[in-house]
Each structure stands twice: as C-alpha cells, then as structure tokens.
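First subunit A sits with subunit B, and in the next complex the same chain sits with subunit C.
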Partner chain A sequence: MNTDAAAQAGYRRFLERRSFIEMNARERVRAVLDPGTYREMLGPFDRIKSPWLPLQGIVAQADDGVVLARGTLQAKPALIAAIESAYQGGSMGEVSGAKIAGALELALEDCEQGRLIFPVLLFETGGVRLQEANLGLAAIAEIHAAIIALRRYVPVVGVIAGMVGCFGGMSLAAALCTHLIVTPQARLGMNGPEVIEQEAGIEELDAADRGLIWSLIGGERRYAEGFADDLLEDDADAIAAAIRKAVSADPASAAKPRSMQVERYVEMLRKLGPTP
Partner chain B sequence: MSVESMSGGSGLSRRGRIWFDALTGGAAANLSSLKSVCVADAALGGETARFIAVVPDAQNRFPRARGGEVGLDEGWALARHVRATIADANDGARRPIIAIVDVSSQAYGRREELLGIHLACAAAADAYASARLAGHPVIALLVGKAMSGAFLAHGYQANRIIALDSPEVMVQAMGKQAAARVTRSSVEEMEKLGERIAPVAYDIRSYASLGLLHKLIEGIDADAPGRIDLDRVRAELVYAVADARAGAADLACRLTSPAARKTRAASIEVRRRLAEQWRSAEQGRAGEPGDVRS
Partner chain C sequence: MEKIQYDYPATRSVAQRVHVGVVGSGDLEVLLEPSADARTHVVVNTSVDGFEATWKNVLDRFFARFDGAVSIEINDFGATPGTVMLRLAQAAEGLRA
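Here is the complex of A and B:
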C-alpha cells in the first residue's frame, strides 16, 4: 500500500472536501464570505414575496428564492447574490430579479462614489419564471445593464456549480461576468435542452441524452472552449479561494471581458466556413 | 411559432425589413456583410442616426437562424456595428442608435449552443448598453415580435422602448406553444391567463401596462406605412432621442412611469427596502463593531 505523504494528503483532501453543490443558496453564501461577516438583506423575515404566484395558485416563498448578503472577501467589501435552485427551479420572477438587479445597482452607486464593493453572483437558474414572464425578462435586462455598468469599476465574478446550471437570459448574465467559475457538474446554455428539442425537434437535440448534453454545454466543455475562466471540482473551499483570487486580480492586467472581444469571435466564426 | 420559423418562406415576418427600408429611405448603403443584419446611417431629426434590424435570410449558413432569429452571426454582427458607432463618436457627436425590433426568438440549435449563442447575445446586449452608457441615445422601435433572448440581445438595453400598436407586435419570454408545453397548459389557457395577469400576456397593450414602454404609437399601418405613418414614427423617434438625452444613462425610467408604479410596485418596493438595509448591512465588515451580531 502506498503511504507516501503526498498521496496521503491528496486522499485526506478528498475525504475532507465539502460539496458546494449540496449546499442551499444561503449555505453557499456563508461558505464564500469571510467568517462572521455575513449580513443578509431582504431575508425571509422581510417577507417580500412574489405578488404574481398566489394569483396562479402557487405558494410564494418569503425570499422569492434569492439570497442577498453583504460581507467581506479577504476584508474587501463584497455583495453576494445567490439563486436557490430548490425554489421554482431558480427561476427569475419580478421580486427575485429585482433583488439581484437592485443590489447590483446599489453596488454600482457605491463604486461610482469611490467605495468599491465586489459583486459575486452564484447562478443556479433556468432563466425567466414563466408565471411572471415579461416581468422576469425585464428584470434580467436590468441585471445585464447593472453588470455591464459595474464591470467598469470592479470585476464581477460568477459561479455556476450545478446541478441546475444557468440558462435563458441568465446565461447572458453569466457571459457578461468578468470572471466565470464552473464545475464539471455545471451546465451553461442559452436554450435548455428541453426547449431546443421542443422548438427544433428531437433530431436536433435529444434532451434525454445526458452524455450529449454535458458534452455540449457542461462545465468541462465550456472551460475548454474558453467560455469559462476556472474549472474546479465541487469543493466549497476551492470555489471560495478562486473567488478571492478573481476579486484580487489586478484590473490593469485583466483581459477584456469576453463579451467585448468582438473581433476575436467574429473571426472564429468566419473561419468555420459555410454551414458549420 | 416553430412551424413559421422552420418554413423559411412566406410565413416569415417582413416587418423588420419594411421599417428598416422605410426609415433609411431604402437607398442608404447597408454596412453589414450579413443578409440577416441590416445596418445603415440615415437622417433623423436633423442629425444622422444608425438604424439596425435583424431580418430573415433563407440562405443563412446556420439553418436555425433563417427565420429572422438572433443567431451566432447576428449577435456578433450587432455587437460589431453598435461598437463601431461608439468608436466613430470621437468628434463628440453621440449619434442615436435605432434598433428596429422584429425578432421571433434567439436561434435554437445544437450548433448554436456549442459555439456559444449565449455569449453572442451577451455581446450584443453589452454593445447596446455600452453605447447607452457612452451617451448615445439608444431607442428600440418594436414593429413585430420582440421575443425572449432575441430582445435581450437586440433592443432591451435601450434608453427608451417605443412600439407600434399592432396585433403582431408582442413581447414575451417564450413562444406561446412552448410556454404552454412547459407550464403543462394549453394555448387557450395561456391566453385566458394573460387576460387576468398582464406579465404573461403576449399583446403589446398588456406589455404597455407594465410601464416599461416609453410610448405606444397608435393608428400606424405597420405592414405598409404611408408617408403620414412614417412622419409620425420619425417624430416619435426624435422625441424619444431627445428624452433619452435629457435623462439618465441607466434604465431607471422603466420604474418611474405611472404604469410601472402600479404594475411593477414590487420591483420598486424591493429597491426601496434594499436601499434602507444596504448601509446597516455594511456594518458587518470584519473587525468592526457590527461583527458581534453574527
């Protein structure tokens, strides 16, 4: 039996690893922030719920599935917004969307006044909540606007851990982040596999083929294609460390956000030729 | 919707093309190398504006983007032409950018996902928002469908959104048939629900009640605009440009209209209470007195 120290350390690390995926949104935020600095805003006791779900016979949860907290990351002021995938599939309704957009807008105001605050988005969302449809879509446009404006001052860090992934209009929000972290269990796509199958037929995409889905839009593929910046195991400490590193990156040496690298991607698509 | 967009033929909307040609005089040089993206500079209220539309192209190299959808090439082309407008503004004249919106959806397909349709659409949204932040008045003119991710890419970052009051003009997060399947209801049930719950409705009048529109222009022949129609729409564009220049560069105006105060009351309430809690939550900084509360 191999008792070499490095192998033992690796083995121990595996045993001690805390799964980020298994955590709910609130636990994820706590795992990311410096210990003792978690301050939740618009928490469950504030009881700001969806006004639209009860009208459709659906029970509304008291935080509408988004956890917002301020705290610090290595003593730097931070704002974390985490989406709870267990509630309505992490979908964006009026209130959940406004919580994220509104918090980012306040962070922007602070940044504009020279008080830098570092935003981190923990995605886990199917996109727009169809019961609130146009108000979810409008909120997502406001989230995009806030990320783009904020990115001029601070890096905006996104994490897609899984197992829901990040879809619909929120996949654009992930694409707008300065730095995007994924795990192998993550999926990042604009159109959910079921929607593609419905819209384009099963010959275009078989939504039940899990291997195919992950090979297309899974975290490993996204990282390999350059659509994500870090590929990490499902390890809360590793994810928290990667967030800290991204927040501390020197803005002067940072690459242009990929959504601004227009010529590069236009050229990449041109090279594919006719009907790629 | 899917039957229409797959036909690649006569079922496709010509609205985008009609209004692009009408507003640019048809004779203006199309600056785009893509048949599916129309870009031209034309006069608007004594200055030059950039007009941009996404239109169907039956020969599009991406089969899933032949019906006027925003696909990979379209998203990046939008980003490129909007950013070119920002780069041209070195003389200080921040030209208006008019997004003529008639987009049935983003392109749904395997190639699209693999090659990053989410990033292509994000790049377009990024460019429009960057133009707005740089001081360009960005106006979205809705002449047909403004659907989901396609609208996020092409129009939803505008300072002001104006729309023609016509049955074919609609804004929604998902096509009617697909939304009915996903929510396990029928198209008829969806339509009934829309009569009661404005955000799930498809028609532009319901959308107007959400308070996100700057102006709903009534009585325009949207399929065959005459001279008077065109003059009225131009006047509304000029007015929207002036209003955008006079206002902030953010999207706050979407929360201040009387309709928004009613229908988006929760969006406003969330922001109000969040602002109240924002400062006290800051007390949680490590090593400061607030820390004892944890």
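Here is the complex of A and C:
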C-alpha cells in the first residue's frame, strides 16, 4: 500500500509540474522572471529580422528567434535572453547573435558603472546559422567576450533544458557561464550527433541511437562530468528557483570559472586516457 | 518564397497588438496590429509557392467572421490551412485578452 501511495504521489507531482521544455522562448522568459516585471526589448513588432534568409528563399521570423527581456529576479534587475529552438533550430544569425551580444554588452556597461544587471541565457541552439556563416560566428565570439567580461561582476547563469540542446560555438558560451543548469533531456556538445554521423560515418556514431547519444552528451552525463552545476527535472518552477539561487550566490565564495580550471580538466583527460 | 497581399473591409477599430506562433516547420507567425484606415490588410510571406488560391480561401473564410481594422503579417513555414485558421483564431482571441 505504501508503495502505491508513493507511486500516486509521484504521478501527481509529475502531472502538476509545469514543463519548461514544452514552453516556447517567450513563455520560458516569463516563467523565469518575477511576475509582472517582463519587459521585452527588440520584440517582434520592431521587426529587426534576418536580411539574409529571404535572399535564400527562407521566410524570416520577426524577432529572428531571440527573445530579450528586462525584468527582475527576486527584485534584482535581470536581463534574460532566450533562443527559440523551433525557428531555424535556434541557430545564431547576424541579428539574433547581435541581439544577445548587444544586450550583454549594455548590461556590462551598467555593471561597470556599479549598477548590477544579472544576465541569464536560455540556450536552445544548434549553434551558428549556416546561411549566415561568418556573421553568425562573429556574433557568437562577441557573446563569448561579453560573458567573460560580465562574470567578473555578476554570475552569468545559463540554462539548457532541451530538446534541441546546445551545440557549436554556443556550447562554448554555455561552458563560459558561471553557473549552468541542465535537465536530463538537455544535450551539450560541440558537434551534434547528426553532424558527426554525416562527417565520420554511421560506424563512428549512429545519430538515431538516442540512448547512446544521451549517454555521451546528455544532461546527466554532462552534470556527472562537472560541465553543469545543477541537474534538474523538467520543471519550470524548479528551474526558476535554481536561477534565483545562482543569482544570489555570494561572488566572494564563487569557484574559479570552469574555463580557468585548466588543471582539473587536464587531470580528467589524463584519467580518461584518450589515445591520439 | 512568395509574398501575397489581401485587403478586407472593416468597421471595428482595434487598439492592441498581438503576436502568436513561430516560423517553425508546419507552423506560422502572426503579427496583428491596428491599421491606420478602416480596412484589414493582410500580408502573407510563405516559403511554399503556388498556394495563392488556398490562402485566399482560408483568409476569405476567416475575415467573413472577423471584423477589425488591423494590419496582419503572416510569416509561414508550410502550415496547413487548419493550422493557419487556429493561429488566426488565437491572434483574434489575444485581442480580447
């Protein structure tokens, strides 16, 4: 009977949970910010969209797939940037990349003048948008530089919820974050499995083998390896709470950023003993 | 890629803006905002060529029941007529929110 009751309680919790994965980018930002504080910048009606996609026969989305909003997190001023995975795989083009980079650079200016703005990045991206190639890559490099500059002042918090995950140059952006939150459905890696299969052959990696893919680059694996700081169920309230906790962390007690812990990762590589 | 434009008469003025949907596979984005004159203006940007007659049927049917002086931009990524109708109904519902 006790087991039944426990199982029932488990089902109830599951049913009551608000899925973060099922939300679109705009809904995710609203779910994270303090209620009533959402203020979108460069929204769809500003129509700052890709000039390159229509030239290649692709219809452009009015916000280029990035939602930028100001608001508060437990009354602290925050900047949230969320990537819409349903539009072009959440890829970073010239405009979508510049929206994130520009917003982070403005937050940095505020931080430098003593007005702390807490940045949160909701990743869901295949990386650079191939149709915009170097322009997207340039924007991603600017995002990297802005994260490194910002994290001297405030924790930069990243979330990879799934189901797209975070790949390419944007996986480096996730790795540069002070605090990274993942779900078991998240994936984090440089090349996506489809790319590896296409380039190295199906004998090297079968991109359709979901169990294998998630065991290599899934959220649980990345958390166990120390590439993420929180592993959470797909629960919008739990993710919002974890973001608040990360934002309130005492900067003095913060660990050295992952990207500066060279010894730790060299040691890890040595244990794994990769062959050249 | 095609751009199609339609105009419909309207009597009711509208004050809000509404944005719904995403330019994702089989889906579309709708941007609805007040228009300057007493007409409904629709611009469709679609990645699928050759369906102008279908668009006209779907939009004629929707605007036979919807009255609002609005400018609507549709950015379509191969949505079916049913999905188009649902997104338009969702945008119209957003006006009442």
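Operating definition for what follows: the second predicted complex is superposed on the first by the 258 of 276 C-alpha atoms of A that agree within 3 Å, B and C clash if a C-alpha of one lies under 4 Å from a C-alpha of the other, contacts with A are read in each partner's own complex, and residues count from 1 in each chain.
Rule of thumb we're sticking to: a contact is a pair of C-beta atoms (placed from the backbone, for glycine too) under 8 Å apart; a residue touches a chain by one contact, two chains touch by 3 or more.
In this text, all values refer to a predicted model and were calculated from it rather than measured experimentally.
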For A:Tyr87, decide between first (touching subunit B), second (touching subunit C), both and neither.
second
Partner chain in contact with A:Ala200 - subunit B first, subunit C second, else both or neither:
first
Report for A:Pro44: first if it touches subunit B alone, second if subunit C alone, otherwise both or neither.
second
Scan A:Asn191 for contacts with subunit B and subunit C and give back first, second, both or neither.
first
Thinking of the overlay built on chain A, is A:Ala138 touched by subunit B (first), by subunit C (second), by both, or by neither?
first
Thinking of the overlay built on chain A, is A:Gly57 touched by subunit B (first), by subunit C (second), by both, or by neither?
second
Figure out whether A:Glu233 sits in contact with subunit B (first) or subunit C (second), or with both, or with neither.
neither
Taking the superposition as given, does A:Asn24 touch the first partner, subunit B, the second, subunit C, both, or neither?
second
Check the contacts made with subunit A and report whether subunit B or subunit C touches more of its residues.
B
The answer for subunit C against subunit A in the complex is residues 1, 17, 19, 22-25, 27, 29, 31, 33, 45-47, 73, 75-77
Help me check something: in the complex, which residues belonging to subunit A touch subunit B?
34, 36-42, 46, 48, 50-52, 55-56, 68-72, 75, 77, 94-95, 97-99, 102-103, 105-106, 127-128, 130-142, 144-145, 148-149, 152, 168-169, 171-176, 188-191, 194-196, 198-200, 204-205, 216-217, 225, 227, 257-260, 262-263, 265-266, 269, 272, 274-276
Residues of subunit B touching subunit A in the complex
2, 61-64, 72-73, 76-77, 79-80, 83, 105-106, 108-123, 125-127, 129-130, 133, 148-149, 151-153, 156-157, 171-175, 178-179, 181-183, 193, 196-201, 207, 210, 212, 250-251, 254, 263-267, 269-271, 273-275, 277-278, 280-287, 290-291, 293-294
In the complex with subunit C, residue positions of subunit A that touch it
24, 43-45, 54, 57-62, 84, 86-88
